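Each structure below appears as structure tokens.
You will see two complexes here that share chain A, one where it goes with chain B and one where it goes with chain C.
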Partner chain A sequence: MASRSRALLAAAGACAVAGSFFSGSDFVSSLIIWVALNVLMTASFRFVLLMGELNFAMAGFVGIGAYAAGIATTLYDLPLALALLLGAAAAGLISLVVGFITLRAKGPYFMLISFAFTEVLRLIYTRIDLIGGNSGMVGIFPPAYLARYYPTLVVLLVLLFLFILYRVERSDFGKILVAIRNNDQLVQTVGINVHLTKVWCLGVASFVAGVCGALLAHGNNVISPGDFSFLLAVYTLAYLKVGGEAHILGAVAGAIVLTLLAQYALGFGAYEHIFYGAAIVISVILLPQGLFGLGQRLALARRRPDSRD
Partner chain B sequence: MATEVLLSVEGMSRHFGGLAAVSDLSFEVRRGEILGLIGPNGAGKSTTFNVISGFYKPTTGRLKFAGEDIGGRSPQQISRKGLVRTFQHGSLLREMTVYDNIRVATVSLFRTGSERDQRVVETAQMLHLSEHLQELAGNLPHGLQRMVSIAIAFARRARLLCLDEPLTGLNQSEVAHALATFRRIRDEFGCTILLVEHNMKAVMEICDRIVVLEHGEFLAEGKPAEIAQNEAVISAYLGKRK
Partner chain C sequence: MDIYVQLLINSLQISAVYVLFSLGLTLIFGVMRIVNFAHGEFFALAALLLAVAVPWLVGIGAPLPVAFALAFLGALGAVLVLGKLLYEFAFRRFQRDMIGSFVLSVGLALLLQGVFIEMFTGAARKLPTLIEGTVRILGGAITVQRLILCLIALLVAVAMCWAIVSTRLGKALRAVAEDHEAAMLQGVPYRRIARIGFLIGTLLAAVAGALLAPVVVISPVIGSSYLIKGFIAVVIGGLGSIPGAIIGSILIAVIESVGGYYFDPSLATIAMFVIVMLVLLIRPTGLMGNG
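Right after this comes the complex of A and B.
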């Protein structure tokens, strides 16, 4: 990436951190948290898509992260940092086991399994009284001295994990993931264990999803099984389609734009979901490479003002 | 050295339900040779390749590579032992650059990025792909795509390269270039080559020995000149003389 766009990105990140620091009202604070977490969830979803799998279990792993962190904070009074780590580790470790069993399937089969996994987890939460059953857990607060800075903490952690995911994608491990999407048989012939690579990919993405869940639980203070239905993953798919799959910045752009627009769509009441459907349809027809692709084309046109394409 | 056996297939069969795609097949690949594996469509060449490279388990029989039993091992284990194959259709990562195509092949060989990078550059030079390293493999003309497939396999400096119809769709000059490349790979790097190919002229030209299959069974074996004269082979390809 050119140094100019790097500088621009750093400036945008700094603005996000500063903005979250000076967010005045509760509404703005929670909106910032919600936008930032949607960005990271979309990046997690996209990370599994690098190897060609649609991972609806992402929502399930966000749930595991949220409940594990919620338990750590409310039942055991553990410090926030430990709660976040536990949430992420629980999601990551469980995903390694789940991935080892389920990633023998691929394409539509894995998608359906991941969808079922998320819904089964949601039903399990409703049956456990210790974590509040159907009505969920309450009172998951960050420590009082941090409450004022919580949106900033969320934004900082989201930026950190975006950077990590970006670096992993650019590494040889990331290249192997894209290679598996392209031709998994060929990858086997160059001495790589495709199955284990896929399991690790899911593990990394789910660790990040667990971080999202833990941050979400402490941001909302309340979690319930309904928060972690497969719809959460469907929304991230919409963000990704609108933002563009080709680059992690597409996930960022899509999640920011759609989450902010969705605040307006809340006024539609029951018709809210039409908004997401319409966003996907419109972007697929008008912006096949999403907002990121549009930005790329504009940048290219500016660099070569005389070109006609 | 020329007679040392690198791969031996002994009494190998592979059945799919009631169908015997390959039955009781035995042959040897000797170190440093280019061995052609030919036969009419449906003779079992691809199944043989899939068993040798670990994609199918043999129903019966033994496979020994460099003295080690490899029957039933996984494709990546076999590849790490130095037996690398290409595929007839699409031995290529279409959405990735030529550089990344070759780079992926080097990951399990080297620990450091600079070693991997060096191997990519050397391989690209050898196969005349250096100018195309930053292009997307899927955008290249067909002939170059074939070369990228071979580059991926060759980047591993395999002891045995199994090429599945590498000349399909190439024009005459591309075929000549590919054959010259195979010879250089063999002569300069000591790779042994097992070649499945339908282009008979090319097979006769480049192979040291040829094994012929028909209906999943061994039909004949010999030098190209002997195979060209073999009555059984001629009737398998052209039908019996009336």
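Right after this comes the complex of A and C.
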């Protein structure tokens, strides 16, 4: 990537941080948190898609992160940093075990297992009274001295994890993931343990999903089992498809654009399903590369006349 | 003893509908390698149309059986038109693109469900009873209406299986499902067979929806719960496998009726999900799947 676009990105990140710092109303700060977390969830979903698997368990791991952090804060009064770490670690560790068992299946079979995992977790939450059963947990607040800066903290952490995911994707490990998507048997023949690589990939993505969940729990103050149904992952898929899956910035763009548009559209009434459905269908049929692909094509078209002379 | 018979009868009548539903799902996967998450919406549309059309037809003076017959045919026709439209404008371009077609079908399912909620409102509907009475079989009870609907579903399923095993079209469908390139080399017109296969799958979902409409409470979101169970059935059996879909459907129906009786429905659902995970651990491509 050219240094100019890198500088632009840094500027955009700085603007986001500054904007979150000066956000006045409660509505704006909760919107900033929601957009930022949707961006990170989309990046987590995309990370598993790098190896060609649709990971609906992402929603389940967000839920694990949220509940673990919620328990740490409300039941044990742990500091925020520890609660976030516990949420992320719980999601990451559980995903390693689950991944080791389930990643032998792939394609539609893995997709259905991940889907089943999310729904089972949701049903289990409703049956445990300690974490509020059907009505969920309440009173998950960040410490009072941080409350004012919480949106800024969320944006900073989201930027940090986006950067980490981007670096991992560009590393050798990321290249192996793409190779697995293209032809896993070939990767196996050069002596790479495909199964363990996939497990680690799911682990990294789920750790990030756990961070999202922990941040979400402290941002919303209330969590309930219904927040973590597979629909959460389906919406993420919509963000990714609209933004374009070729680059991590596609995930960022799709999540921002669609979350803000949805906020606007919801003013008209209960059209959430139609809105997300139409967004997915239109972008899959008309814009197979998403907004990112569109931007790239526009940039190419603009550059071409210069290169001719 | 009576309770076992009753549970067996309940399982059988649920499985008749699941079999129809998952046969369509597995057929579409077989010929096009498409995991169709919008399949439940075909089912829902048929049931919803029946729920709207029957009272309307009765209102303008048609006798109840005639109203049912007309509404049934009308619903099947409407669903076929929808299936044809979706095939031509959307699914046709995503054959053998598993992720792309899946994303597309998730979008379509959300979109259609939203449209149904707008069109038919969220209210639950119930159809008038067509045939009164209850029969007892070996000590278990079943309403005559349910029995007849079950028999029709069973008949359709058997006819479908016979067609797939012995007719020319069925052989072409199976050939394409097994290896579409080898089938094309043998002169099987792949595109036409894929289209026909997709439409047959759609029709099966519509038949299942229309048959179930008189005995359940119908709402615009009815499709998704059947979709998830149908999907589990197909995955347990192995995607693309016809006998697998039948075995999976029966298994799911037994878990649902037995689990729902001894424990409660949400535990039965958890059990279903756990069983699908176990099956996939032992056989990562389902009981009858060949990858």
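The rule is simple: the second predicted complex is superposed on the first by the 302 of 309 C-alpha atoms of A that agree within 3 Å, B and C clash if a C-alpha of one lies under 4 Å from a C-alpha of the other, contacts with A are read in each partner's own complex, and residues count from 1 in each chain.
Quick note on the criterion: contacts are C-beta pairs under 8 Å (C-beta built on N, C-alpha and C of every residue); 3 or more make two chains touch, one makes a residue touch a chain.
Just so it is clear, the model here is predicted, and its values are computed rather than measured.
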item: Side-by-side fit of chain B and chain C on chain A, or clash; value: fit
item: Residue contacts with chain A in the superposition, chain B compared against chain C; value: C
item: Contacts of A:L160 with chain B and chain C, given as first, second, both or neither; value: neither
item: After the two structures are overlaid on chain A, angle v-u-w for chain B, chain A, chain C in degrees (C-alpha centres, nearest 10); value: 80
item: Which of chain B and chain C A:L82 touches, first, second, both or neither; value: neither
item: First (chain B), second (chain C), both or neither touched by A:K175; value: first
item: First (chain B), second (chain C), both or neither touched by A:A299; value: neither
item: Which superposed partner A:Q185 touches (first chain B, second chain C, both, neither); value: first
item: Touching partner for A:V194 - first (chain B), second (chain C), both, neither; value: first
item: Partner chain in contact with A:L112 - chain B first, chain C second, else both or neither; value: second
item: Shortest span in Å between Cα atoms of chain B and of chain C, once chain A is used as the common reference; value: 13
item: Intersection of the chain A residues that touch chain B with those that touch chain C; value: none
item: Chain A to chain C touching residues, read off their complex; value: 49, 52, 54, 101-102, 104-109, 111-113, 116-117, 119-120, 123-124, 126-127, 234, 237-238, 241, 270-281, 284-285, 288
item: Contacting residues of chain C [partner chain A, same complex]; value: 29, 35, 89-90, 93-94, 98-100, 102-104, 106-115, 117-118, 228, 231-232, 235, 239, 266, 269-270, 273-274, 276-277, 280-281, 284-286
item: Chain B partner contacts - residues on chain A that touch it in the complex; value: 172, 175-176, 178-179, 181-183, 185-194
item: Touch list for chain B against partner chain A, complex; value: 53, 55, 74-76, 79-80, 84-87, 90-96, 100, 103-105, 107-109, 113, 116, 152-153, 155-156
